[in-house]
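Here it is, the structure, as C-alpha cells.
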Amino acid sequence: MENYAEMYWTGLSPDEARAALVNKDKSMKDRRMTLKEAVSQFIKDGDNVGVGGFVNIRQPIAITHEMVRHGFKDLTLSWQSAGMAPDYLAGAMMLNPDHFSIKRIELAYWGHEAFGLSPMFRFLAERGMLEIEDWSNYNMSARFKAGSMGLPFIPTRGPLGGDIPSSCRTKIIDCPFTGRPIALLPASNPDVAIIHVQAADQYGNCIIRGTDATCAEIAMASAHTIVTCEQLVSHELITQTPKDVGIPFVAVDAVIEVPFGAYPGACRRHYYFNGDHISAFHAGATEMCKGGVPDTLKTYYDEYIYNTKTFEDFIAKFPVQRLIADQKAESFNCERLA
Amino acid sequence: MTASTDYTAQEIIVAAGAKVLEDNKIVFIGTGLPMVASLLAKQTHAPGLIPVFEAGAVGPPLNVGLPISVGDSKTFTGASFVGGLNTAFELTQRGFADFGFISGAEVDKYGNLNSTMIGDFPAGYQTPRVRLPGSGGASDMAASCERTILLVPHDKRKFTEKLQYVTSPGHLDGSPGARFNAGLQGKGPYRLISTKGIFDFEEESKRMRLIHYFPGETIESVQAATGFELLVAPDASEFAPPTEEEVRMIREDIDPSGAFVKRAKKKANKSINLTVPQM
Amino acid sequence: MENYAEMYWTGLSPDEARAALVNKDKSMKDRRMTLKEAVSQFIKDGDNVGVGGFVNIRQPIAITHEMVRHGFKDLTLSWQSAGMAPDYLAGAMMLNPDHFSIKRIELAYWGHEAFGLSPMFRFLAERGMLEIEDWSNYNMSARFKAGSMGLPFIPTRGPLGGDIPSSCRTKIIDCPFTGRPIALLPASNPDVAIIHVQAADQYGNCIIRGTDATCAEIAMASAHTIVTCEQLVSHELITQTPKDVGIPFVAVDAVIEVPFGAYPGACRRHYYFNGDHISAFHAGATEMCKGGVPDTLKTYYDEYIYNTKTFEDFIAKFPVQRLIADQKAESFNCERLA
Amino acid sequence: MTASTDYTAQEIIVAAGAKVLEDNKIVFIGTGLPMVASLLAKQTHAPGLIPVFEAGAVGPPLNVGLPISVGDSKTFTGASFVGGLNTAFELTQRGFADFGFISGAEVDKYGNLNSTMIGDFPAGYQTPRVRLPGSGGASDMAASCERTILLVPHDKRKFTEKLQYVTSPGHLDGSPGARFNAGLQGKGPYRLISTKGIFDFEEESKRMRLIHYFPGETIESVQAATGFELLVAPDASEFAPPTEEEVRMIREDIDPSGAFVKRAKKKANKSINLTVPQM
C-alpha cells in the first residue's frame, strides 16, 4: 500500500467535510432564494463543484448559466457523465478565461451519447488547458457515495486491470479478508453541489423522477447544495409520500423554482431532449476546435446567456411550439393523466 | 426470412449483436448500437431479455421506443426497479449482469478497450492528441459483468497490438487467471463484433479469434485490416446477412429517426464512426 | 493489518456468492409457490439465514413458523435487530434441539424494545448454547450492504473504540488516505434471506412501506431469497410506480402471499403490534429461564405451530376483534382512504 | 409553571432529557425514554427539533403518537425522508446528527456504555452471566453523532470503574484526542442523565461531573451511589422538579398507555429497570 502522505484532496478532506456539516444550520427553515443569490452566496473561486444529473438528463443547466454570468476562477468540476452543464461552463472559458475558468475536472465521461462528442472538452483537453482525472461512472458515483457516508474511501472492483488507476488517486490493496486485489477510491466531498430535480418543498426536500443519477450522493457529500426544481410544492404534499424524497432538506442550502431548468437536456415527466439546440450550441465550439474564430460561440453566449438576466429569459427565446413539442415527446415516454 | 441485399454496416452489426444475446438473460447495455441490437433481440428471439441501464433502470420493456441515452426516460417506463448509478453498478458488481454490451474506439487482441484518449500515455495524458469522452460505465461493465460483448469499428489502427490507454479491461495480458488475479470478476470478453465480422476469444490463449466474417469480407481481408495476428476458428464462416425483416424492423420499428443507425443509400463501411455516439 | 488467512466466512464467501448468482436463473418467471415448498427447497441444514425486518417490524414470522415445522439443524442466523422471528426459532430449539437448532448468531440486538428482553436469547446465551458474534445495527446493515454490492468488505466508523472489534471479525486499519483508523467489516452473504414485505408481484418485485430496514441488502446479498407479502399484486400495478420497488425480482426465488405474515409484530399500512401475544409467547420461555419446566412453552408451540398446518391456521386462532383492532391501530398511524 | 410534587423517577428523567435538547437541532433518538423526552422537548421549548430514527425516518412530526419502536410506523408518517438502517447511519456518519440520545446498562467515568453482557469478557463472552440485548444502534450513535446524551439508571454497580464490556464508546480513556485518534467522529458524551441527577464531562479530563442532583438527592448521596470518584461542578445545584404541566403532558399527551413511562403511585427509584425497554 502506498503512503498516505502522497494523498491530496480536492474540495474538502473527509475531516473538513465533517466539520462543515457540524457547523451548518440544518434546521427546517425556508431555503427559497433567487438563483443569483444562491450562486453568489454558495459558490466561490477555487471551489470543487459537484455536478448533478447524468449526461444530458436533469443537468443543472439554469445554475450553470447563472454561474457563467457571475464568473468564477479556477473551479474544479466533479461528475460521473455530463454533457451540457460542463459545456456551458467550458464554453465561457473558451471565450474569456479571465472571466470564467475551470482548473480541473474529475470525471468518467464528457460527451453527448447520440448527440456526439463535446467540442468544448476536446478544445480544452487537447490544448492542455485543464487538469484531468479520469475515473469511471461507478468510480465517481462511489466516490460521491463515500463522501455522502462520511467515509474517507470506498472499495470497488471498477478501476482494476486498466490504466484508470495509473491516472487517478485510487489505491489498490490486497483485500485483508480474501487476499485478492481491490481498489480503494478516495471520497469526493465537493464544496458545493449543483442539482436540478423535478420537485422540492421550501425546506429543500427533493423528489427525483426517473434516474436518481448520483444526485443524492453529491448533495449529501457536499458542504453546500443548490437545488433548482421544476415545481416548488408544499411540504404537506411532499410528506404524503416521503419515500419519494430522494434528497432530504438537511442536505440543501438553496431552493429555486426554475421551470425547464435542465433544458435543452431532458427532465423526466417534463420535457425530452432538444437535440437541435444542443447541436446549435456546439457549432461555435466545433469551429474553434478546428482552429476557427470564436465569433459564432460568442454570438451564442451573448444572445442566450450574457444578454439575458435570468433563465426565464433564455427559455423565452425558444419558439413556444418547440417547447410544447418537447413536453409532448416526454409525455409520450411516461403517459399519465394531468 | 429473405436475406437483405440492401443493408448498412451498422445494420449488420446490430443484427450480429442481437444474435449474440440469449433469451432470459440480463444484459447491461451501453449507449449507442448496443441499445439498438438489444431491442432487436428482444423483439425477435429473446423476448425475455432483461435490460439494465447504468443510470438505474432494471428490466424495462422498452415499449415506448429506442432510448437515445442510457439515462433516458424511455428506459424507466415500466421498469421493475429504478435507482441511480450506484444501484446499477452495485448489482452488476454483485453478479446480476450476465452480459455487458459495450463499445470502444480501440481494441487489442485480448479484448482490452480504449475509449479515453488517443496520444501518448502517461506522458501526454494531460495533452491528448484526440480526447475521447472517457470510460463512462464501460470499464465498470468490463470489470464486473459476467461476460462482455464488444463493438469496435474495424480499422488497422484501431485493432492494435498495444493500446494507447486501457479504459476497459478485457483478458488483460491473456495469462491464465489474469482477470481473477487482478481482482476482476466475470469471464471477460465473450464476443467482439466489428464492421468486418464476429470474433470470440480462444479458450487457452484468450486471443481474439475470427469466427464469422461479414458478406464481402474474407479471412484474409479481415486479417489485412487488423493490426495484430488474428486467430481463425477452424470452422470460421461467412455470417448470414440480416434478413429483410430485420432490416425493416431496425429502420421502421426500432430506430426510425436514425438516432444511432444512420440512413445510407449503400453500404459504406469506412465513413462510419462508431465512437461518436457511444460511451 | 492482520493476516487474511485468519479469516473465515459464514454463509458464502464473496467469490462463492458471486458464483451462486452467476449460475442462478434470474429470468422474469413466475416465482409463486407455497411456503412449505419454498422453505424445503431453499433452506438446508447448516445454512446462514439472513432475517429481514427490524425488531418486531415486518419480521418474517410466517416463514419462521414454517421453518420450525420443517425442522433444521445448525443454522447460523444473521440480522441487525430482531425480536419475534429468532424467538420462534430459538423457542423450538429450547424445546427440542434435535428437531431444530441454531449454531450461531451474528447480530446487533435481540430484544423487543417496549416489550422487554428476549427470554429465548437469555436462555440460550447464558447456557452457552449459541456461538455469538456481536456487531452494531450499522455494522450488520453495512455487512449485508457489502454483500449486496459484491464487495468483500466495507469501511465504517461504527465499531471503533469499544469491545465490538475484539469479539468479531472486524479488521481495523490505518486509512491509506488519511492515516486515521477505520474499520473494515467483512461482507455477509447468507445462503438464504427470509423477508416479509407489503406487496409483491409474481416475479418477486417487492414494495416495502415504512422502514426498508435492511431487507433489500439482505436479499441482494443472499444466494436465495424467500419473500412473503401481505398483497400479491399484478406486475402492471407494480411497474406503474417502479420507484416504489425496494427489491427487484432478480434477487428473489420464491413469492408467497401471506396476510398477517409479520404478526404479532407490526407491518406498516396493515397492522400494529399485538404486544399481548408477544408477552404470552414469552411466558413459557421466561419460566424456563428461571429454571422452570418447558410445559408452558411446549403448549404454545403445539397449539400455535405444530398443530397448525399453515400460517392461516395460526392467524385464525386470534379473535377477529383483536385482528381488526390491530389493523385499526395501524390505520390511525397512516390514515388513508381505502 | 407550578413544580410537580407527584412525579416518578422516569418522569424527572424525561423532563431532564427534554431540557438538554436544543431547538432546531437534529437528534438521533434511541428507543425507550429518549423517545418520550424528545417528544416532550418538541412539544415545549423545541418545536423545531428534528428527530432521526435508526430504522430510517428523518424529520417526522411525531403527530400520530409516541412510537414504541424506533422502526415504528409512527416514526414514518409525515417524515421528510424514509429509508432503511444504512441510510440513517450513513447520514449520521456523515455528520447530520447534532445529538445522539441513547441508554445503557452500565457506564464508566468517561461515559463509555455497556449494553451487551454482564460477565467476564472476553473469557466468558460465550457464556455471559446476564445476556443483554446488545448494541443495537447505540454504538453507532456513540461513534458518529456529534454529541451524545446518555441515560443510565443510577446504581453503584452500574456506575463502575471498569465496564465488563464496552458497547458504545464515550471518551474512551479520557486522554486528549482519544476519540479522534481511535477514528471516531464527534465530541462524544455531552450529558448523562441518571435516576439521581445530570452530569457533564469535564473539558480537560473528560471525567463525569455532577452538575445537577435531583430533588431528594445531595452531592454526597449521588457520590455514594457511584462506583468511581465523581467530579462535582463548582456550581452544582438541585435540578428543578418537572412542572405539573410537564408531568400532565407526559402522562396524558405523550405516553398515555405507559409504554415507556410506567405508572406509579409514588416515586420508586429502586425498582425501575431502564435497561429492559431500551436499545
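A, B, C and D label the chains in the order they appear, each numbered from 1.
Here is the rule we go by: a contact is a pair of C-beta atoms (placed from the backbone, for glycine too) under 8 Å apart; a residue touches a chain by one contact, two chains touch by 3 or more.
Please read these numbers as outputs of a predicted model, since none were measured by experiment.
Chemist: In terms of CA centroid distance, which chain is the most far removed from chain D?
Modeler: Centre of mass proxy via C-alpha means gives B as farthest from chain D.
Chemist: Nearest whole angstrom, what separates the Cα centre of chain A from the Cα centre of chain B?
Modeler: 28
Chemist: For chain B and chain D, what's the span in angstrom between their mean Cα positions?
Modeler: Spacing between the chain centres: roughly 58 Å.
Chemist: So what's the Cα centroid distance for chain A and chain C, whole Å?
Modeler: Computed value for the inter-centroid distance: 39 Å.
Chemist: What positions in chain D touch 2 or more of the other chains?
Modeler: Residues 76, 82, 93, 144, 185.
Chemist: Indicate the residues of chain C shared as contacts by at least two other chains.
Modeler: In chain C, the residues touching two or more other chains are 150-151, 156-157, 175, 180, 182, 209, 243.
Chemist: Examine which chains touch each other and state the graph shape they make (line, ring, star, complete, other).
Modeler: other
Chemist: Let me make sure I understand the interfaces: which chain pairs count as touching?
Modeler: Applying the touch rule to all chain pairs gives A-B, A-C, A-D, B-C, C-D.
Chemist: Can you check the complex and tell me which residues of chain D touch chain A?
Modeler: So the residues of chain D touching chain A come out as 24-26, 48, 50, 58-59, 76, 78-82, 90-96, 98, 144, 146, 185-186.
Chemist: Taking the touch rule as given, give the residues of chain B at its contact with chain A in the complex, in rising order.
Modeler: By the definition above, chain B touches chain A via 31-32, 54-57, 64-65, 68-74, 76-77, 82-87, 89, 93, 112, 116, 121-122, 125-140, 142-144, 165-169, 172, 179-185, 259-260, 276-279.
Chemist: Give every residue of chain C touching chain D within the complex, in rising order.
Modeler: Spelled out, the residues of chain C in touch with chain D are 54-57, 80-81, 107-111, 113-118, 121-122, 125-128, 130-132, 134-139, 141-142, 145, 156-164, 166-167, 172, 175, 180-183, 209-217, 266, 268-269, 272-273, 275, 330, 332-334.
Chemist: Would you tell me which residues of chain C are touching chain B in their complex?
Modeler: It comes out as residues 17-22, 25-29, 148-151, 203, 205, 220-221, 235, 238-239, 242-243, 245, 248-251.
Chemist: What does chain C use to touch chain A in their complex?
Modeler: 1-2, 4-5, 7, 13-15, 150-157, 169, 171, 173-180, 182, 184, 186, 209, 243-244
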